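So, here come the structures, one by one.
Okay, so subunit A shows up in both of these, paired with subunit B first and subunit C after.
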Partner chain A sequence: MTEQAPRNKPSATGGTGIVADERVRPISPLRRALIRPELGAICGTILVFVFFFAIARNSGMFAPEGVMNWGVVAAQFAVIAVGACLLMIAGEFDLSVGSMIGFSGIIIALLSVTWQYPVWFAILVAFAIALAIGALNGYLVIRTGLPSFIVTLAFLYILRGLTIFISISTTRQTIIGGVREVAAGDPLAWLFGGKVLGWLFVWLADIGLIGKFVAGPRAGQPVVDGIPILIVWALVLVAFGHILLTRTRFGNWIFASGGDAQAARYVGVPVDRVKILMFMFSAFCATVFATCQVMEFGSAAADRGLLKEFEAIISVVIGGALLTGGYGSVIGAALGALIFGVVQQGLFFAGVESSLFRVFLGAILLMAVILNTYIRRMITGER
Partner chain B sequence: MRRTFLALAAAVSAVFAGLSTPAHAEGERFVLVSHAPDSDSWWNTIKNAITLAGKQMDVTVEYRNPPTGDLADMGRIIEQAAASNPNGIISTIADYDVLSGPLSNAVAKGIPVITINSGTEEQSKQIGALLHVGQPEKAAGHGAGEKAKAAGVTKFVCVNHYITNPASVERCQGYAEALGVELGSQMIDSGLDPAEVKSKVLAYLQSNPDTNGILTLGPNSAHPTIAALQESGKAGTIHFATFDLSSEISAAIKDGTINFAIDQQPFLQGYLPVVILTNLARYGVVPGNSINSGPGFITKDNIELVEKLAGEYR
Partner chain C sequence: MTNPLIELVDIEKHFGPVIALNGVSISVLPGECHCLLGDNGAGKSTFIKTMSGVHKPTRGRILVEGREVAFASPRDAMQAGIATVYQDLAMIPLMSVTRNFWMGREPIRKIGPLRFFDFQKANAVTMEEMRKMGINLREPDQAVGTLSGGERQTVAIARAVYFGAKVLILDEPTSALGVRQTANVLSTIARVRAKGIGVVFITHNVRHALAVGDRFTVLNRGRTLGTALRGEVKPEELQDMMAGGQELAELEGSLGGTV
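Now for the complex of A and B:
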């Protein structure tokens, strides 16, 4: 394990490198800073903010509402990116994330609205089913030895088709609304749909730092009335993922499973268990995303989450993880999600024709991957 | 490697600089938010209409849509539009649950809102929008069904290319109700891919040879269905009605493949809100009621008039 550590986990050597160790080749601090997987994402984040500050400063993008707008979008990406990141470091993909979002949402709405079960029960059932499907994904990958790309691609279609079938056959609609009404006062729903620090924003509005609504039933309330719980979820998941990955034995197992599964098995890492757990975690993150979305918007629809699996993977790749596994960082993935969110909403603020969004997305992805490849070559010395 | 990267970065920033049009032009600025995915060609007419209206009224109109058609993303886009403080927002109500929050927040911020296309007048009023410009979906489907019934249709297939939009399902249901039959499995989820739509229609007609009516919900399902009918030699033998217009659809009306098209006149849905919002901003005047932009029926008789502009302004 320790022999692998410098390659797989540069941050760990960064922490212990103060004591001179004759077995470790001395690395200059500059080079050590450069080979962090987050480097590309940190540079990217700074660039993106400077860029949008230059061209969209007066568009409301950096007003409280604007910040909240791209903040929430970035948090959405971050929630699914954490799951995708840990799974990718463990050497696997999950392409069923987007379909899982639609599926979990419909399960919650169906149980709570159509079949009148309590909302907390619906949420728990959705999480249980999602974790089971995640475990099934992992089990199939391990048992068949097929690439996870194929197995989860199958589930991308299976789950999406099931979602449409279930909603059409039970309600004759693909959108199930009315969740907000049944969720009122539910003991678990606030954990996914509420807002926190509302009093702070009322105070900020009172002293004139943020605007107030001027018309309608909400006149006099601040335009931003709290931090959506989704942002809290994103921060908690990122912190959890980062600590798990860099501060625990299990984190080392994740790196080892993705770096070289066979070598990891030889040194006693339970590779199968690690991978299956990571598939389950990815499904868990997708369900957190779905539950927050259903609680916030009050409805579930069969087409929710389209292409979100790629958005998660893109965030992770921008964040410096390698598609081949064994290398990456949760902080990087979170920054990748931030870049993604800021660019997506920022282009709207900047008034760029919206059909060009995907062009920029592709270009940014390409730049990130080129930069990451360059960094990896620096680290490993390969040509 | 480093040079490639720098070149790419330079290229991207050049494109950025060239395309980021000034967000605030001389006149007023409005944002139109649609629910349509990028692949939906029908919205081109509305894009052209707002460009024309913007030019005539000397205002800036920005078009926004969720790339995949995900309505939760659309909610975010409306929030974003409100945060950028435009002089007005024009939006569809594709899903009331999702969009009522962001839209009524925009109204509460003091931004005038006009709803278009999907949604009903009641929903529009509840949001606090000024008015709604659109075509009542179920009534339009019902109207098409009545005409089909008069032509002797008893068993039909509704080719639904956008099954996740409730309005699409309502159109099929309205048609079925007018015929007096259960919708049941007569609505097929065709998907968006043209080849897929075509093969699904062919398969349905083969397994249900007594089908004598077809309803398609827009160019995305109509074009492949026209091809399927022509390929199987059934063109003109089955009563064929479609929603919306395009150059291919008008050609098919002329050659008799399609009996009629239901036109909701999208041009008006793009053009009128821009004009109304501009006049509201400049002179404080606004119509008192919602506006029905359709349905209008396009048949062989009036196709000449429409054809010249199909796909562009009609």
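Now for the complex of A and C:
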């Protein structure tokens, strides 16, 4: 991009007195297609896949079971990353996501197993409480004017402590099991556990595209028996978040609230409402994660979700969002989550020491952020 | 004589012990450019924030087209046709020109029960309005941060005009600009005035004021020193009033009349 195309065509300068700016360089379509907030995450994704294809091709990582394995992990990250992404673009953080995961899980198990309420009721109560806590987070941030970093850090401790206390004081242990049994046949629980499209995989196995178990109790069944519902949740939340952010009025308000809250207020954007709703959405995503996890494991534990808030924020930042708000992409955050999932499980497939996971992740984080900063400067003209 | 679009009478504004405004009156006529001059700290920003609903006056009356009003918020003032381009809060640099232009008033396109931001309309109108103001955008999704300071002011002005401002308040739109960009903003002001919009142009630069102003009100330490008509006042007199007369006369002597 060094050519300085002449742009002083007569049509542009004549008549109205408008002078085409000779200092605006034309931009090639390729460059336009490439220069987008997600570019860093796209490059990272390609890099990670190439890397693991090179070192772990024969480990089964790219066989159907392997794909499901890291797909589920990536979906877990994606679910919470969507909430963290929209909230970060709106200019705020939620450090209480991990504690919220533990808290919501214990609420569900406590209500359904220990106190024997129907599972659907337990799930609804957990969501209601989570949304209320999300709203409280947002309300406190707005009313006190404190950084959300501090307010939600307080809730990181408060919720974790409450979770352990509630669990121990009611059941005298920090793990509550037996959820799978009470969830059988529940009208709502299926939405968070189990798999979909099982018939498709039976068919795929029948035509020989995927393997079947040859021995054991499941002999004759396909090795992959469906898509875990968590992956469906991730896809739905990513699509929802992306459309909300880029295609709606509310999305514009999210950008504006994070970009410059005062300027947004002056033109009538309901900044407080936007921020509080995004805190609630973050709590919603955490509870989706928690409910799916409880259904999958059949139990809840008070220490679940540890450090998840950071993993969500890292995914979002790899995805190109600006830590200070006003800029970012849900698709980017989803790719960040994918990178996270592939690296975590891939090193396991490759038989590499798992402590290297952190080294690798740190390196990717650094590279993606450097690239993102560079791209963002090009797009937004920041200096 | 035409009636004023907005009239502020004896406005006082106190911030605790600080008396920022101590009896300021101006009126704005349709199609005029009313310059509000004053040194730093004279109370210019405070005064126009009172006019645009950010501050409530401690004392004094605001009349819009003859009727007394009390703005509870900037939103109220906007609805009454009073649009303000603030000194540094005009635009959000990370967002595109279109997103900025429509911020808070996004056009909606319905698909079934769903409501989407109508980017097609938004982009087309933005490009057109910017073209009318003499700026050819490369593309409507260009970030505002890539525009020059003068272009940013112009986006903000175009936005206010498009959304039906009757009174347009510009807080020091030229103070951070170079010569060329200043000229662009001044010609934009002339263009807006020609539409019958009343412009309140705040500046501490007498030359900028004289280039486009019809009437001139000077603020000094929270008070108005009167309003002068174009042609009735010399640049040196305005300069003098801004600085409070005496001191500047002395200064000017020592600088050889270059201020």
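Just so it is clear, the second predicted complex is superposed on the first by the 344 of 383 C-alpha atoms of A that agree within 3 Å, B and C clash if a C-alpha of one lies under 4 Å from a C-alpha of the other, contacts with A are read in each partner's own complex, and residues count from 1 in each chain.
One rule holds for everything that comes next: contacts are C-beta pairs under 8 Å (C-beta built on N, C-alpha and C of every residue); 3 or more make two chains touch, one makes a residue touch a chain.
Source: prediction; values computed, not measured.
Enquirer: Go through the superposed model and pick first if A:326 touches only subunit B, second if only subunit C, both, or neither.
Expert: second
Enquirer: Could you say whether A:340 touches subunit B, subunit C, both of them, or neither, answering first, second, both or neither?
Expert: Neither partner.
Enquirer: Could you tell me if A:248 is touching subunit B, subunit C, both of them or neither one (first, second, both, neither)?
Expert: It touches subunit C, and subunit B stays clear.
Enquirer: Does the superposition put A:260 against subunit B (first), subunit C (second), both, or neither?
Expert: Only subunit C; A:260 stays clear of subunit B.
Enquirer: Which partner reaches more residues of subunit A, subunit B or subunit C?
Expert: Partner touching more subunit A residues in the overlay: B.
Enquirer: Name the contact category of A:223: first (subunit B only), second (subunit C only), both, or neither.
Expert: Touch partner of A:223: subunit B, not subunit C.
Enquirer: Scan A:77 for contacts with subunit B and subunit C and give back first, second, both or neither.
Expert: So A:77 meets neither subunit B nor subunit C here.
Enquirer: What part of subunit A is shared between its subunit B contacts and its subunit C contacts?
Expert: Common to the two interfaces on subunit A: nothing.
Enquirer: Could you please specify the touching residues of subunit C with respect to subunit A in the complex?
Expert: Result: residues 54, 74-75, 78, 84, 86, 89-95, 99, 102-106, 108, 115-117, 119, 131, 134-136, 138, 143, 145-147 of subunit C touch subunit A.
Enquirer: In their shared complex, at which residues does subunit A touch subunit B?
Expert: Residue list for subunit A touching subunit B: 51, 55-56, 58-61, 63, 65-66, 68-70, 72-73, 164, 168, 172-175, 177-180, 211, 213-219, 223, 293, 297-299, 301-307, 345, 348-360, 363-364, 366-367, 370-371, 373-374, 377.
Enquirer: Looking at the complex, which residues from subunit A come into contact with subunit C?
Expert: Residues in contact with subunit C: 12, 16-21, 24, 27, 247-249, 251-253, 255-256, 259-260, 262-269, 322, 326-327, 379-382.
Enquirer: Which residues, counting only subunit B, touch subunit A once they are in their complex?
Expert: Touching subunit A: residues 1-2, 4-5, 8-9, 11-13, 15-16, 19-24, 38, 60, 62-65, 67-72, 75-77, 79-85, 95-98, 101, 104-105, 107-110, 128, 163-166, 169, 189 of subunit B.
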